[in-house]
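Take a look at the structure set out below.
Each chain gets a letter, A, B, C and D, in the order it is written, and its residues are counted from 1.
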């Protein structure tokens, strides 16, 4: 049994981590922390999960206490960027495996971090110990790294369709445009008038254009696959649903067809349990993946425009966050990839 | 032209007052105040209404400035209970007509106020100057009163069906049970995690049972119509929609039929433009009234239980709040009842 | 392994049965039938579940073929009332265990069936072989019966709170009023303008008052527990959510308190895995049970009215239909009660 | 008073036409037809509007009866494509003004009609009498035409931002990509399982890619403004809301900035009451225009990609359909443009 802790479990990612890890057959959920909820029974805060949480209580989010806790093998950080790094350092030094869901270790370059997150990177030294890992397109040797940066929700939905195409040269890296729609939980769990039911129901809007923070990790990963810098146009939108991301990517066809895309995808993703390629020409829909750790991808050719249309959909809290983090834990600890995942 | 001001216009009732009064042909909207929004153009805060708001700006919610403003005939208070009374006093003394949407002047008894609102009434003396007015069932002479207490949203949906039946003796006052469903805007516009989109969408729940604050004004008004004390069971629920209240009242039939109820209703509400009696046996639905100042009411007889079922629906922000306040202004200032109302 | 079939799997109950039974560790899902979908891969119709459905195909809903299929131990009927009985007969005669989710075997009396369903019972003879079973309040010896009538969604939400109170004499059977709110999936999966997204979103309404069909089985079961006839007032409402039922029952307190209710409930439901008694005074909310087979129940005392308020919430497609059917299968076949259930 | 009729008023466009024209101060609503609703009181079918509909009844959709009705000056056709043309012919011959909301007269070329609508144009001869009119970018002399083709919902949201930029040469016509999100009412009012509440709530999806029917009229109008053929990439999505369209257009910047776009827009749309240019850098949101006839447009420059991002939002049933049709009637009959429009 892997003994795990979750730090900062008051938000939506944290809640889904609690949901997954409390029922994971290979895991003992040993600690759940939250600054604001310390002292409360976890079952009281998440009544939906109460039957399997027993008497587990939220404890304080105390980095050194967690570092010294011999009963912990791995720790999931569900904290805001800038805060996560401060927890990662002592855990790393104490030899714990860290799965960080924040942006603090997603970028190779502290300069890009500063450009996109508006502050100095809190611990640039630690970047060397970290690996950004998309489980279906991993860097070799990532399992040796003690600090795993889990990809963001939008990035996952964009990288899964694009990485194999760039890596294989099926497409080129110019003029890629990704239009994305996210459910409201993407904004996190917080008291904010703008995300109240009355303000969000029955309304959609663009936001974060043209330079949303997630652009930084998307471009860095695409560049790594393409072997040269990539600049992307990223057009996020907020739509009235709780969970789910739908992404539509338009890219010059480079003389290729939908069939060529399918070949590259199948070559990369055959036998990967959480990527479903819609080969029959149907388009993905978020309800088909919400509640699962799956990402569905499809391709169509717009011959008139000489462009390929790549579409994907995922649950932003599962494949886009906590589900993927658990998937990474499974792989890193040598468990079956799908265990404990819906 | 009636020159009006709106105090506390940052909430939903305030926004709907701005919407109604800015396009009301008999009104000049002269002042819109908000502590938190002072200095901002109203058009910027309510972009939906921007075309008709010109350069109007939010000003500070300053009671004495409003009282001394000679350009104001009437003031609408869209403030929390406990706060409204502090504004009503100087406005009253300055001879302004006040329409108060809070609970501060809805109850005749300061003791009941304290019981239900948990604090001493802020200005019991002023209660004498106030009248609680449901426009379709008004106290005689209310137009002489300078301070009009506008009924609450749930109370309107319960009083409209019940008052004529109690006043006419069609039903008796025992064993009345009102089960109500409200949209989320009934909770007001505030940053509160519990009312976020993600927490409210696709979920319903009971709340405020058995002693919701609105019970106090409902029982006081029913008692007044019945001529003797009334105790009611009030069962509110929160359902995932922005606007609208659906109320279902179960009451012993007292040997009467649905036809008897229709007779009493028609006697009271014939020719009242904002009450629609569904005589054909259909049941009301909130979408048919949301966006209007109308309340739809219907009756069915449950002969097996010897009970009558009275149902009603209204827009909680219009007939249940701001629309009704404007209706009262129309009547008090001698305008046509329906003018400026959808 | 129990080898099971699902008949009429095109609707929502059928889909949830497919979801549950395809991942149930003690079950082999051997046949899934649908008149309208015969020949299609099940994975194509339910893409959300595609990973675990393999090459299973919908077959024709052919009663005699199912009856003669030696590879089937049990059959779930997810068919309209009136139709289910025609399938139950040959399956019964072939010695299959039948779990019927329709109303055809829920009532003891063909006369009541005719009164409430407007048609003669299709097979009154077969009623003798049937048992109506609420797993937490079962008739003794039900496991011997070959034909299990699974309770309806509203009835489950009303019977679970009331049955122990009537059986124990905690309350009396007079003047019980149940106000219920159901999500839209309660109306089934069908092409109907009235249940389109545009007509249902953001709107609520009463319906089926005062004599909804489910009243018949509710009253029959309550009478059985009380030992004398019970007449109930049942006030259903439709609210804009996909899944979930919230029920609020008002009943004269008979001199008893909330504590007395808790005692009776705990006596009946202690150690029942799918009933959660909210003992701390909180009220239930549908989001806490949707996606699970649990029903949450709570009680408050309205001392002013001398009435008890009983509230419950469940997922209408799980505890209110397919989840409960699988729970009954588990119990009947001697499996652990919770196996395969969320 | 203009005496008008509405043909095919059972759908959403028809309902909104009834709503607008029944309260339009310059209009007498003389006839409302529907094949399926003939004989029913209009007030019964649209209870939300009942107060202003009097005893008006649906009549049969009979083209020759309408043509011979001397009490009609203008007729709005809210019919499916292919059907509308059959009504337009006799009305045209009888000298009525026709506002057609279908696609039958939107295209200049019967060949393009056949390519995109899959059938021969029903009356190519009549195309000469027709004008496609976007009121803010009209063809000269359109008021002389007896048959007005009202633009579609998506096209309006794309043409309003693009037409002035192409006409002024601010942008060039290559490589334009429009990603759009529509509410569910865009699919019309019909009994269809796929558009049921349960299937649409909380889910989003792409559809109609890459060759949605609306592409034909979009490209034809863009070409007319640009003076040369235009090919566009059109990426529609369905999102869970009733009304509203959000459009995000990405176009190469051609060396221009956001300021240049604002200049071109202001030159075309200054003083146009239904176009609001968001000059302050905010992005549009559908709730700010739903319920109005307004379209909000904004621009941002993605300097890294050398692309401009044009965003717009409108109510698909008002500015995208019936509101725009009434706006066109106002202009054609010499009324004030905004009269009768919210």
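Following the convention adopted for this analysis, a residue touches a chain if its C-beta (ideal position, glycine included) is under 8 Å from a C-beta of that chain, and two chains touch if they have at least 3 such contacts.
Only a predicted model underlies this, so the values are computations on that prediction, with no experimental measurement involved.
Participant: Just to be sure I understand: going only through chains that touch, what's the smallest number of steps from subunit A to subunit D?
Facilitator: Steps on the shortest route: 1.
Participant: Among the chains here, which has the CA centroid at the largest distance from subunit A's centroid?
Facilitator: B
Participant: Using Cα averages as centroids, what's the distance between subunit A and subunit C in whole Å?
Facilitator: Whole-Å distance between the two chain centres: 38.
Participant: From the C-alpha centre of subunit B to that of subunit C, how far is it in Å?
Facilitator: The mean C-alpha positions of subunit B and subunit C differ by 40 Å.
Participant: Taking each chain's centre as the mean position of its Cα atoms, how many Å separate subunit A from subunit B?
Facilitator: The mean C-alpha positions of subunit A and subunit B differ by 46 Å.
Participant: I need the residues of subunit D touching at least two other chains; which ones are they?
Facilitator: 199, 201-202, 240-242, 285, 287
Participant: Spell out the residues on subunit A that touch subunit D in their complex, using ranges where they run on.
Facilitator: Touching subunit D: residues 175, 177, 179, 181, 183, 199, 201-207, 209-211, 231-233, 235, 237, 239-244, 246, 248, 250, 283-287, 290, 300-305, 307, 309, 311, 313 of subunit A.
Participant: Hey, which residues of subunit A end up touching subunit B in the complex?
Facilitator: Against subunit B, subunit A makes touches at 12, 184-185, 189-193, 195-202, 240-242.
Participant: If we count contacts the way the header does, which residues on subunit A are in touch with subunit C in the complex?
Facilitator: Subunit A residues touching subunit C: 47-48, 50-51, 201-202, 273, 276, 285, 287-289, 291-292, 294, 296.
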